[in-house]
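Across the two complexes that follow, chain A remains constant while its partner is chain B and subsequently chain C.
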Partner chain A sequence: MAAVHENPLAQFTIERLVPIHIGGLDVSFTNSALLMTISGVLVTGLLMLATRKAALVPGRWQSIPEMLYEFVAKYLIDDTVGPEGQRYFPFAFTLFMFVLLGNLLGLIPYSFVFTGQIIVCFGLSIAIFIGVTVIGFMRHGFRFLTFFVPHGVPKVLLVLLVPIEVLSYCIRPLTLSIRLFANMMAGHTMLVIFAGFVVPLGTLYFLPGLFPIVVDVLLFFLELLVAVLQAYVFAILACLYLNDAIHLH
Partner chain B sequence: MDVASAKMIGAGLACIALVGAGIGIGNVFAALINALARNPSAQVTPFAFLGFALSEATGLFGLAIAFLILFVF
Partner chain C sequence: MDERDPLASLRDLGTGLERARQGRIREGGALRRGNSAETGNALGLAFRISVELVVAIVVAVGIGWAIDRWLGTRPWGMIVFFFLGIGAGLVNVYRAIAGLGKAAGPRGRGAPDTGSLEEDED
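Right, the complex of A and B next:
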């Protein structure tokens, strides 16, 4: 548990819970890995327990996975990729639930937000990037390269536009990961900074000390919104990239 | 100028990025209200929140830089 002293970024320090060293490699079980395991277990457990006694008319518990399923199938895949995207449903669902649980579990005080680690977000997005590119080449062969050539553009401009298209395609994993990482990091840092105002102000006078608490509570609700929204954005952008690979333009 | 004060100035400058995010988010919700006022049955709210998240993220890039300047370096 990271003690939050002066530095609001101390909450992002990775600590080795179970040190494991294989050769020169440090594969320790960290607090980041712990939270990832918890989120994986929670999603799997929820889905398995809630659909254990599956009925035609869903009960209270069974309606949760059904709502999640409908949300991902309709809003994430149907609205972006279309019907042929449904074969990638498990991918989109796993991605969405993993990021969502990571964001939400990170909001529990004194826990750890693993989506606030740039390497976690970058690992996810580079995997999406490579996977989507492979899918594009598998479906279209080398015709996939026409994706980088915009339609109806004078030949002279293509010299300029094709490198721009290639570049904007290649920095997708960067922008995708930095978006999630910056949101999580900035939000959690902001919460801690405002919480740090409480004691210095509150020891002077009572009322000014109340002000940062109120701000912090409001910020927490904003962070709750941002956590859900960023998971949605991360998953829907992955689906949009998938759409590019499947439909080219 | 010493490094400590340059850090403060740099962090302040990095926060200018939030101006754009503010304008962007205002635009998104202004357009949402406009659309809903003209056609209350329009199904545009999910897109509005998508736009909100995307434009907020650009501002947060600047805020993240400010935090990094202040607390990491």
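Right, the complex of A and C next:
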């Protein structure tokens, strides 16, 4: 009776909603894809509806996209890349909104957190990594490689330092993706573990059963904070990498 | 019936945007790296550095292991890359905390650094 009823990791199971197989490839429409579609549609819809009747003095709805715009333009881009980075605004904004919506939608009970899938986070971050490296090479040509050579260091030490720099550059997509994935997965697992204590404890005595509920409510607010913060961290790190590619030293 | 063809108005918009962008770049230098976002960033920073060290070591050891498998140099690739991983992880953590480069890549050897040193000597 006291067994924990649901496997806390079962919430991350990918389920095929519409099975599609094309030439031996499984491209089924899954619950993960569904949530990604919802967040994409939601962002686009919200922004388009809210700015449909654009006024000089923004109303309640119009002020949402304006605040988001200013946040991304100022804190994500201006503070990291500087004014030259504004041309990459659409990239930063899309990235931030997609991850933010993914994190927040995942907190709705019975939905699915696609940012808790390592492959989704890794796909996003490897795309950022490749894109930023290409931008670096396009802007600086092969001079971009001097990024890995620290200045003012004795030649002997370069043998040691250049591999360290290259390594610390190449692990960027991994740290970027693991940071987001681990935070989301750990938080959601914790929520379900504590929720699993509610019924077994509550059927024994009423009061101890209340305790995990209180913890879960508090955890939920923590997860709201983590969801917003991780989206911010993900986007700001992408901007910092972009800054490295644009301002070589 | 319209005197201005749509391309001309687009060109006008383009030149206007370019002028605005130049203005921003010129006046933006001093505003950059203000401390406006620093306090808000503290929590973000704490979350950022949490995985940096671990992932660096894990990835480096993985690379070392793969090299060993490929070249048959059994413990050596793993040992060398283990220490390289520690180095890379520490460098990343240090840069994140010091706020010099905030990310991978050599930084902080330019004018601001020497400036602060000279102030210290005074």
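In this section, the second predicted complex is superposed on the first by the 243 of 249 C-alpha atoms of A that agree within 3 Å, B and C clash if a C-alpha of one lies under 4 Å from a C-alpha of the other, contacts with A are read in each partner's own complex, and residues count from 1 in each chain.
What we mean here is this: a contact is a pair of C-beta atoms (placed from the backbone, for glycine too) under 8 Å apart; a residue touches a chain by one contact, two chains touch by 3 or more.
The structure presented is a predicted model; accordingly, all values stated were derived computationally and were not measured.
A.B. asks: Could you tell me if A:Ile178 is touching chain B, chain C, both of them or neither one (first, second, both, neither)?
C.D. replies: Touch partners of A:Ile178: chain B and chain C.
A.B. asks: Regarding the shared-chain residue A:Gly141, is it in contact with chain B (first), chain C (second), both, or neither?
C.D. replies: neither
A.B. asks: Tell me the contact category for A:Val233 with respect to chain B and chain C: first, second, both or neither.
C.D. replies: Both partners, chain B and chain C.
A.B. asks: Tell me the contact category for A:Gly24 with respect to chain B and chain C: first, second, both or neither.
C.D. replies: neither
A.B. asks: A:Pro109 contacts which: chain B (first), chain C (second), both, neither?
C.D. replies: The answer is neither, since A:Pro109 touches no partner chain.
A.B. asks: Tell me which partner A:Gly82 touches in the superposition: chain B (first), chain C (second), both or neither.
C.D. replies: In the superposition, A:Gly82 touches chain C alone.
A.B. asks: Once the shared chain is lined up, is A:Pro154 touching chain B (first), chain C (second), both, or neither of them?
C.D. replies: neither
A.B. asks: Of chain B and chain C, which one contacts the greater number of residues in chain A?
C.D. replies: After superposing on chain A, more of chain A is contacted by C.
A.B. asks: So in the superposed three-chain picture, is A:Glu165 touching just chain B, just chain C, both, or none of them (first/second/both/neither)?
C.D. replies: The second partner, chain C, only.
A.B. asks: Could you pull out which residues of chain A sit against chain B in one structure and against chain C in the other?
C.D. replies: 75, 178-179, 182-183, 226, 229-230, 232-233, 236
A.B. asks: State the interface residues of chain B toward chain A in the complex, per the touch definition above.
C.D. replies: 46, 49-50, 52-54, 56-57, 60-61, 63-64, 67, 71-72
A.B. asks: Please give the residue numbers of chain A that touch chain B in the complex, ascending.
C.D. replies: Spelled out, the residues of chain A in touch with chain B are 7-9, 75, 178-179, 181-183, 185-187, 189-190, 226, 229-230, 232-233, 236.
A.B. asks: In their complex, what parts of chain C are in touch with chain A?
C.D. replies: Listed in rising order, the residues are 21, 24-25, 28-29, 31-34, 36-37, 40-41, 43-44, 47-48, 50-52, 55-56, 59-60, 63, 84-85, 87-89, 91-92, 101-107, 109-110.
A.B. asks: Okay, in this complex, where on chain A does chain C touch?
C.D. replies: Touch residues, chain A against chain C: 75, 78-80, 82-84, 86, 147-152, 160, 163-165, 167-172, 174-175, 178-179, 182-183, 226, 229-230, 232-233, 236-237, 240-241, 243-244, 249.
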